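Two complexes, one shared chain (subunit A), two partners (subunit B, subunit C).
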Partner chain A sequence: MTVATTDPLLRVTDLRIRFGGIKALDGVSFDVGRGETVGVIGPNGSGKTTLFNCLSGIYSADEGGIVLDGAAIRGMPAHEIAARGISRTFQNLALFPTMTVLDNVKVGCHSHSSSSFVANALRFPSMLREEAEIRDRAWHWIERLGLEPVAHQLVTDLPMGTQKKTELARALAAEPRLLMLDEPAGGISHEEIDELEELIRRIGQEFGVTILLVEHHVALVMGVCARVVVLNFGQKIADDSPGRVQSDTAVIRAYLGTD
Partner chain B sequence: MELLLQQIIAGLATGGIYACFALAVVMIYQAIDHFNFAQGEMAMFSTYVAWQLMAWGLSFWLAFGLTFVFSLVMGAFLYLVVLKPVQNASALSQIVAFIALMCIFNSLAGTIWDYSVKPFPSPFPETALFGALVTGHDLGMIAVTLIMLAGVFYFFKFSTLGLAMRAAAQNPESAQLCGVRVQMMTALGWALAAAIGSVAGMMVAYKVFLEPNMMYSIILYGFAAAIVGGLDSPAGAVAGGFLLGVVENLTGVYVPGGSELKLTFALLLIVVVLMFKPTGLFGHRVVKRV
Partner chain C sequence: MTRQARTDKSFPAAGGQPAAAPEELAILGIGLPAWNRLLLVAGLVALVVLPFLVEGFTTFQMTQVAIYAIAILGLNLLTGYNGQFSLGHSAFFAVGAYTAAIAMNHFGLPYLLTLPLAAVISFLVGFAFGFPALRLEGLYLALATFMLAIAAPQLLKFSLFEPLTGGAQGLVLMRPEAPAFTGLDDDQWLYFISVIVMLALFWLSGNLIRYRIGRAIMAIRDNPLVASALGINTPLYKTVMFGISAAYTGVAGALSAMVVGFVAPDSFNFLLSVALLVGVVVGGIASMRGAIFGGFFILYIPTVAESFADVFSKGLSWAAYGVLLLAVIYVMPSGISGLIDAVIRRIAQPKQAPRRTDPAADVATAGPGPSNREKK
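Then we have the complex of A and B:
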């Protein structure tokens, strides 16, 4: 029931990875179209985070294909995948704690810095220009996410919701083609979730970023995603609109168990 | 009063030595998030290289420059050959690798240049100031330390490269996902730390003379200064170095039997700082989620 897209931004085909005897991903295939916001849900241990780790190059999948915009990226090192336009946030935040919000976001711009590091060290004028560009770009995203008041504070001193937003700004500063969000609603308050929902919608519509979202908070997923992929025991059991997925018997069985 | 002032100034001169090393310690800590116990011996080895170059007839500053470059290469090489293979091993295994390096450099220097004590020249004028407590070399050494501090400070605070290096040390996985080439950053960190260490070695060798064991006590003070000042703060480490020098000197003068207790007091200072401010005087607090 996959939505047919002729030229998807991301195409995952028959992806497999095993850890010892456990098939964490067992032949997962799906497409993400340009500009789409796709949700990935599933019970705990169904392979959602493993999928993200394979896509961003932290794990190297055993078999299958990952094609981003026509280029096969499976097995590439993580920094190269980042340079090709996949950014992500983490379930348990992976910021640089003793850096300021601004510095964290500046690191996010790193995958775009063009000059090699020797050239960077030797050619002073081009280095200065690039530093200015990076600073401008970081500020741009800090402003768009409303982080100006805390820009010069260390992230370790900030509340969870603000830290999550900083991580989001860092991911966006890389100007990704595909933004992967791993449980952005985890550990934040109800009001912050409403704000997050609005923000994810803005990122998709206003900034034109394609989004892949792993989330347990069902209302959030249903609210922002046009399409939802459901995983269970490393296999895809559904791939459809949020409404249809909610009434899918295989999905209900996966979440509630067989009777 | 005049004695106190003189002793403080003399303490600052000694502190310059510790500050120099503390800066190298902070540099490597920023790059790999660990101490490098071989740092002192690496600096000693570089200093021998400078001595050898001068023995072949090169001028001080030419030898200085070549040794700096040699140390950059040596640092990156050591990381790639010795430490990269064990970087995912436990901290204990890494420490063993550091200690092995320390012994290797010590023996290597002894084998190549023998264990006799050698004088090392100073590039600074031979003038005595403040009642002969401070020499031109002391001032020159302090100036060199402060110049290096300014360089390191600028590098980490304002350059994108320094930022990427801090990111790579703090959270390698996350840095990689931001497109930072973590291994390249680590190699560069090793190179810079080795180079800063070599400068420190070339500055202190005039005062403590050149021999394979010259660094044993100095590197201890260097670590101490870095801990007192804060391991993530280059300026703090330098301040810690000067503070240690002054405390040590005042202890020697004002505490009965103090000259024997210099090192004890320096180490006591670490304990006190760690008790009341575990991140060092200028360090940042880090909260880790578990």
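Then we have the complex of A and C:
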């Protein structure tokens, strides 16, 4: 895989964060090239989700650098990072339970729209035009993910796989430059995982979205990622092609344990 | 973008149109949207003719219902739609009432102009209070706002402010008089002012919760972390919502000052905050029309409770109120508004011939259809 490492979309350098005495991330560095799909794997508690939370601004890392497209974003509030083009899904479903599928996806369009409180309250024509655009864009992703039949249903009434797709549609509606997927295959069926694999590949290839994928489902990671970063106890222990990572002794030791 | 996407064949064919709404339901063969319009028109007609059919005192009470409905809607925007608790809305009510009273008494401002002034000042007070509220969630926010509620009456009595606020005596106002050309009496005039203000404020908040801003404030209520990860500036939205909520309640306070013709610190005590909260819950959390039911409830139920309690002992009116409240919450866990929705769901039927009974059929009929539909 030839990826231009000179100008990565995302550059993480020596990222550190600690919670009390625990070093959740202990000097993690890696790059994600434009258009690349990179997997992040590691045993439970290795810092994968913490890494995502730091990248999306939910946590503020103590030290280190996060540079997105040349701009340092570490310490920025989450909504500004989102506006700069990072969007994500969550390990445990994090949909808005009181809303329909369509409304959930519409929220994904938030940072690409701008109508104000006043424009909303007074129904300015500009706001209504923007609403129509939001609806089109949300519908576009609902179609892409085959969610039309359930678009007007409350998300809480839907099966896990459909909810996961809704979350993915919501993240895609933000038209991110970097899409972060946190265990998208968690809790869904085998057939759905195959579908998901196909989908992730298409998101990467057809829409040119750069993807960072945290996943336990090894076959999925191996199937869609050109490169895999392995974390263990908050440190990076490998960063290579899926094939090489699988035979890496440090990785095997981390997963199987040697004590 | 969208058109391109629809002709792109790389993805499974997708049918359906944006906002292909669920199948229309009907009662007595009339569709629900039509019922809504019908009831809206009937309600508006009732609002207009009501003050000509009832006595002055009832008109006065209806005016108060409208005023409470505005205040409850304000609190509902904050609590029901945005998920922020407040036990301090009596203070915002007081800010609005005193703004109107002081502006009329000391500065001779025409009474109608005191309404926007009360809105602006209450907004600013609410917005300012929204900042410390940002750091507080749930119970802590409840406590912080409780402080506001118990401090407000004392601050209004405080000797330093007495020249302005009239201290413990409060301020007596000239009640607005109906212009001669209307042919209305004063009660009717104030009723119409209050109802018009109420309708305008309902319209504004209906718009506010329906589109982009509404989705954002509800997203914050449902999951603030995810909302911010999707680009919503949660601190800003939460503080602005505090301001808007306070502005609504402040306008209600200003109207109340006019209608009652008198403001005094102890009318705006903590019990008013609780009453508004009761109005939100009983009417229906995150329900606009619920605010009107809530207004009726907090105006009439204490009286009902009193006559109820009279059967046993005059001193038990609050106990009777408590029993009534408990009964209402037990029977209608999602408020009066929720009960109405449940009843509608019960009696409404699909408008078309009832060919489907199986929920799976929904998916099948609404699923990817012939792609010629999308070309329209």
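Observations on the model:
Rule of thumb we're sticking to: the second predicted complex is superposed on the first by the 245 of 259 C-alpha atoms of A that agree within 3 Å, B and C clash if a C-alpha of one lies under 4 Å from a C-alpha of the other, contacts with A are read in each partner's own complex, and residues count from 1 in each chain.
The rule is simple: a contact is a pair of C-beta atoms (placed from the backbone, for glycine too) under 8 Å apart; a residue touches a chain by one contact, two chains touch by 3 or more.
For clarity, every value in this text was computed on a predicted model and none was experimentally measured.
Superposition of the two complexes onto subunit A shows a clash between subunit B and subunit C.
In the superposition on chain A, A:131 contacts both subunit B and subunit C. In the superposition on chain A, A:103 makes contact with both subunit B and subunit C.
In the superposition on chain A, no contact is made by A:162 with either subunit B or subunit C. Of the two partner chains placed around the shared chain by superposition, neither subunit B nor subunit C is touched by A:232. Of the two partner chains placed by superposition, A:37 touches none, neither subunit B nor subunit C. In the superposition on chain A, A:149 makes contact with subunit C only, while subunit B stays out of contact range. Residue contacts after overlaying the shared chain place A:210 against neither subunit B nor subunit C. Of the two partner chains placed by superposition, only subunit C is touched by A:139; subunit B is not.
For subunit A, the partner that touches more of its residues is C, with subunit B and subunit C as the two candidates. In the superposition on chain A, A:46 makes contact with neither subunit B nor subunit C. Note: residues 56-58, 77-79, 82-83, 87-88, 90, 94, 96-99, 103, 106-108, 110-111, 113, 117, 120-121, 127, 130-131, 134, 170, 174 of subunit A belong to the subunit B contact set and to the subunit C contact set alike, using the contact criterion stated above. For subunit B in complex with subunit A, the residues that touch the partner chain are 158-161, 163-164, 166-167, 170-171, 173-182, 184, 188, 232, 284-289. Residue ranges of subunit C in contact with subunit A, taken from their complex: 1-2, 5-6, 10-12, 14-16, 18-22, 204-205, 207-208, 210-216, 218-219, 221-223, 225-234, 240, 244, 286, 362-363, 366-368.
Taken together, the subunit A residues at the contact with subunit C in this complex read 56-58, 77-79, 82-83, 87-88, 90, 94, 96-99, 102-103, 106-108, 110-111, 113, 115-117, 120-123, 127, 130-131, 134-137, 139-140, 143-144, 146, 148-153, 170, 174, 202, 206.
Against subunit B, the residues of subunit A that register as touching in their complex are 56-58, 77-79, 82-83, 87-88, 90, 92-99, 103, 106-108, 110-113, 117, 120-121, 127, 130-131, 134, 154, 156, 170, 174.
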